[in-house]
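Each of the next two complexes has chain A plus one more chain, namely chain B in the first and chain C in the second.
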Partner chain A sequence: MSAPVQEKIPGRLGEMVAKMEALYADLDLAAVRDWKSRGQNRRAVGFLPVYVPREVIHAAGALPVGIMGGADRIEIVRGDSYFQSYICHLPRSVIELAVVGKLDALDGFVFPSICDVIRNLSGMFKLLLKDKFVHYLDLPQNFDRRLGGRFYIQDMQHLAQGIGRLTGVEVTDSALRASIKAFNHNRAAVRRLVAARSDRPWEVPTLEYFLLLRAGYLIPVEEHTALLDEYLELVGRSGRHMMDNVRVVVRGAFCEQPPLGLLRTLERAGCYVVDDDFVLGAHFIERDLDERGDPWEALAEGFMEYSVPSASKYDEHRTKGSELVRRVRDVRGEGVIFMAPSFCDPALLDQPMLAAALEKEHIAHTALKYSEDTGQFQVIREQAGTFADGLKLWSNA
Partner chain B sequence: MSTQTTEKDASMLKQKEMIADHFHALAHAKKNGKKVVYTFVPGNLTELINHFGLLPVLPEINALQSGMRGKSAEYIAIAEKAGHSEDVCTYVKTDIGMLKAGNIGPTGEPLPKPDLLLLSYTGCFTFLKWFELLREEYDCPVVMLHVPYQADGAITPEMRDYVVGQIRREVIPAFERLSGVKYDEAKLRAQLALSARAEDDLVWVLESGKHRPSPIDAWFGGVYYIGPMFTSFRGTQDAIDYYRLLREEIQERLAQNLGPVTPDGPAGAERYRLVVEGPPNWTSFREFWRMFSSEGAVVVASSYTKVGGLYDRGFRHNPDDPLGTLADYCMGCYTNLNFPQRVALLESYINDYAADGFLINSVKSCNSFSAGQLLILRELEKRTGRPGGFIESDLVDPRYFSAANIKNRLESYFQMIEARRTGARP
Partner chain C sequence: MTLTAGIDVGAGAVKVAIVETGYCGERLRGVCFERIRRRTVESVVDQAFETVLNEVGVRRDQLDYIATTGEGDTIPWRTGHFYGMTTHARGALFLEPKARGAVDVGALHARAMRFDERGRVLEYRMTSQCASGSGQFVENIARYLGVALDEVGTLSRKAEKPEKVSGICAVLAETDVINMVSRGISTPNILRGIHDSIAMRLASLARGIKVSGTVLVTGGLSLDAGLVAALADRLRDGAAVVDVRTHELSVHAGAIGAALFGAFRHEKLAAKQPSQNSTTFSEPANAGGG
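On to the complex of A and B.
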């Protein structure tokens, strides 16, 4: 188990970072229990990576809670007995959390379609937690609005009905519009955070950026938006100094999340992460959704037309390579680190295609693997450091 | 015995001839002006592909054939050298490697490039990435057929409408454009009626495993039995003829109270009746089979033979509802079932086929099968009280087939069954 890795930061910013660290470490979901205790019949619904329309859970009166695994903060005692060694780490820590009761505060679970492991995990939850609501959200891979869009809306409505049975709240169009509005505010704040981190990565360290996004998976969206706003205001006045780091884009970490030590290692190795797919669900939809028309259509439009490329989503127009190149250019990235969890089929199968697109544009890249409980970073530090040194040399050539 | 051998040879020869003809047609497709569609086995639309005079290629069949021919190690090495991770599905890497090595098919003739990729990723997300990768290599159009998962253990009207809508609005128009042939519903109905006839005989064959001794091995032998049905022959007279021939041979074995035919000839006495979950290993297929047959272990039912559909649970292609039945077929494949359904199916096999135990062959390459199998093992032991075994291998990567280790585990497992028979508890 690693200790909190953030160095002591003074003042209100330090308090905020400490709060985010505490939320990150809150595997018992004390924050969720606290939220539930502040009202009658409050319900909380967990969701797995990558993307779930949290607006639906919110509109049904429940707290959406991201289940991102146990990182390096829980010893896997029983989870390993459910999975073979060649299955990624996330499901074993999720099962561990479930069977030891750390997810008891959650009344239901949503498993979005992303890969075979998460899909099968949904069925395992059905067998193991028979009294809990379990919904598999079959996100459409056919992006015709009349086909995939219609199916997706029906699926979201089933989800709303299921959560509504837990909360006793019917999801009306007006409630859903209000939820879309709340999440639009949050999306806008996340976009500001993403832009600030990309523009001035020395002011918004990757670790804090990551903790901020993770906090949004445990607290109400309105509180999270306020947290983001306050953080951005404070960090702009923090006087943090720029280091001689290279600017890198990270891809592959959209599901099982890297441990904090790995994020810190990247920066210590001389890499500013100026774009990534960490906690991807928090910035999966690139723009605000329509707040006035049919809210179900607005959510469908968001997923089908305004979501970012991801290995878990069919690349209908064959643009994921060019989109990555465009993103690298936009954020003035000097190179790309493919950083995928071991045994992550979607990320690792995507890698050769993305690498080929980068090579066509002479964008440097390197690849490393991790698992959420990786505890040794020396090799990664050397690899990332070598990559950073190489970029510095090439850019000066 | 010579009569049986002749009869066995008749169905085997028929199948061999059918498959050889198919690959020959593929090798000469371009010359003969035939268009080629690559697609996958689970949830395949074979009747519809044939309907338009298109020729199907199933990359996972090519991969497994490469495994059986001892070529997969070389192909995997080529793919890994080209940047594919050692962690990912070896079917994909075998296919990519085969492509880069000249795309020579299992009969030694070259495979044609696809004119279209029909991406129906029923029960397997890796299929989706696989065709994204092939699209990079072939630069040809892709038609997506998203087949929803039976998450709640049923096919809902919404799921059915979604699949039918995709077939009607996207798949059929794409096939029409590619082939220049108009969709003819009456013709498709006739094809589906042929499918159902062959399916009746396939089910009869699979259910013959309920007899004691079982006249078939429903896993090692079963992969041959499902071959024609799950590749390119469903909805054809050839398929009907093959399954009729096969049924007659097995009827003859039943009449003589004989067990299955193994690579070493007729099986000896049946000592252990097993239900198996998961795909077999292909690189050491015969050696693997021999580890069972030499111990008198016969697989009486398996989940792998249901990856192309659960006919034994009543599904038949229905000519009266051509597109609806194709949708039902796509969604009904084993790997598209949720976990409670899978456990219930295996439990019923263990009971209905009077199995002594069940065995899981967990393959590294296939998370669709493998993720969660250890929970299936526990559930089945709890529900049936019969001993479960667990072995690990891979589909086509010989580096993950440890013969000594698997043999040891199997021997221990058979001892466990014996111990249960004598009343001992583990």
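On to the complex of A and C.
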């Protein structure tokens, strides 16, 4: 079974979805080029998953652009020669995008610490793109404010200086506060989207939810917030009907993103995804950040105190399992699908711990793997379908 | 009383069943079978659905649950979807209450499953990519031999000396058949050879999950008496006692199972929400098929 075909959506909502699909398919970053062409000396800075404080890039006058790989839309020719075969697919497609010139619109790159592969990728970018700004953002794994917090602030300030040299704009406290405010508006809109999807998943299909989050990685934050608001208004009036699907929580897809066909397959197999970690950086901070005090402190606090549990973060107090259980309960989830990219060490290493926590609470779970260029979904359809049937028919919940 | 519909969209045909469940048990109200041929699946589903609704005298809005299975997950006005394995097991149990196993042979896939007394699948195996154990393969061979599909089973059972055919690959098997025709092998012997080759693959699936007792053949090839006989012969060889059966409605097993599980699901949800008379699924704004 290949990727199921998407039904045509009528009206303004259909136009919006088409625009989001076009942004998703825009491997040449035409939207970024367009943004740059609308002003003098505009700069764009790409960042890799999972989380980067986009406020810093924004405050330095640059456009933060998410680099999420080539999905299933680019043939890997040279990318494979840079990496061994037993690692995930994302870095291969990112290298491919870079060497064929598809990332030329970007003036700099930020690689947050998440795993060895992304760290090595940052080194390759330094060697390959000598004329570009490349920064390895070493996110703290020590969550003591005086240690990890201080370290993180220094690292963000180095990042701000680097981007400032590109744009010629110094990141002042007031500029950073303004950026935090803009991203707070965006976070609030994303939270409304997440809540709508969890409450009425038939109105907000996973595919559209995913495309909306992805769009936010290519357009200015202010435009994205407006897009989210309009979408939410339209879907509320869409008249989409509720189906008897099971409510599942998906974990493991926080870095390399699943192909669109996989998201459609899950829903058609009878699963409403009511919580997930897709495009996690877009909803990584769970609440608004302080807009009035020290903005660096506010950003550090966001990461240290208010970020969601993730395999890319050290879990000092071993609370990831209980946090997942809490989240499943909060969204009235009936089961969990661990959906990790093949060879994703952080996701796969966390899985046994998370699965054990679910089993203790008698929450059903299943696990499947994908890569960003997966094109055949029959096995996934079978697995998700039987999981959904099991929950619908034989679960006591 | 709960009234539900099951729609099984296969690779070659659409099957629809209407089922009524209540204090007196489960009653099959009507079925419809429609080949897809060169039409869109949506139009065939709409036609088959309306046909069976008219035949049993039921309006769409009287249905408590519209369940799809197979490739029916593209039907936007469904209430819910069940995986094919789940529905064939339940349909087989309805048609043959003694059955604890089923072999579903459709146009492009074949699978064997073992289930309990509620129709819950305990174990299953299915064919992979190759279509040599499938209905499409038999259709192709029948076309080469100039035999109508409904004659295939009868002719096969007249075979006296079946010819061996490749059981691994449909393409090789088709080459074998061309050679046999040129060698003057009789049509019954060729057909029984084909049935034996398919039966060998199906028996291997069934043995892999240790089926025993009564096993119902479902899916499009369930009406092919030659294949059922060949499978019965194959499974007679094994250690476990297997009673291979078919049913005149076996081809509808998926649709019947979907309708029955739709009813089960409807009642389960109603029990969760006792204040409501029906499940809370909203009506689609643009339900197809009238």
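Criterion: the second predicted complex is superposed on the first by the 388 of 397 C-alpha atoms of A that agree within 3 Å, B and C clash if a C-alpha of one lies under 4 Å from a C-alpha of the other, contacts with A are read in each partner's own complex, and residues count from 1 in each chain.
One rule holds in what follows: a contact is a pair of C-beta atoms (placed from the backbone, for glycine too) under 8 Å apart; a residue touches a chain by one contact, two chains touch by 3 or more.
Everything numeric here is computed off the predicted structure, so don't read it as measured data.
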Q. Aligned on chain A, chain B and chain C: do they clash or fit?
A. fit
Q: Could you tell me if A:His241 is touching chain B, chain C, both of them or neither one (first, second, both, neither)?
A: second
Q: Tell me which partner A:Lys181 touches in the superposition: chain B (first), chain C (second), both or neither.
A: neither
Q. Per the overlay, which chain contacts more chain A residues, chain B or chain C?
A. B
Q) Considering only C-alpha centres, what angle arises at chain A between the directions to chain B and chain C, nearest 10 degrees? A) 100
Q) Given the touch rule stated above, what does A:Leu393 touch, chain B (first), chain C (second), both, or neither? A) second
Q: Determine, under the contact definition given at the top, whether A:Tyr82 touches first (chain B), second (chain C), both, or neither.
A: first
Q: Could you say whether A:Pro352 touches chain B, chain C, both of them, or neither, answering first, second, both or neither?
A: first
Q) Does the superposition put A:Gly123 against chain B (first), chain C (second), both, or neither? A) first
Q) Touching A:Lys19, do we find chain B (first), chain C (second), both, or neither? A) neither
Q) With both complexes placed on chain A, how many Å separate the closest C-alpha atoms of chain B and chain C? A) 20
Q: State the interface residues of chain A toward chain C in the complex, per the touch definition above.
A: 4-5, 7, 239-245, 268-270, 382, 385-386, 388-389, 392-394
Q. What part of chain C is in contact with chain A in the complex they form?
A. 65, 73-74, 76-83, 85-86, 120-121, 261, 264-265, 268-269, 279-285
Q: Over in the complex, which chain A residues touch chain B? Could you list them?
A: 81-84, 86-87, 91, 113-117, 119-124, 126-128, 135-136, 138, 140-142, 144, 146-148, 150-151, 154-155, 311-312, 314-316, 318, 340, 342-346, 348-353, 355-356, 369
Q: Enumerate the contact residues on chain B facing chain A in the complex.
A: 82-85, 87-89, 92, 119, 121, 124-126, 128-130, 132-133, 135-136, 144-146, 148-149, 151-152, 158-159, 161-162, 165-166, 169-170, 338-340, 342-343, 362, 364, 367-368, 370-375, 379, 392
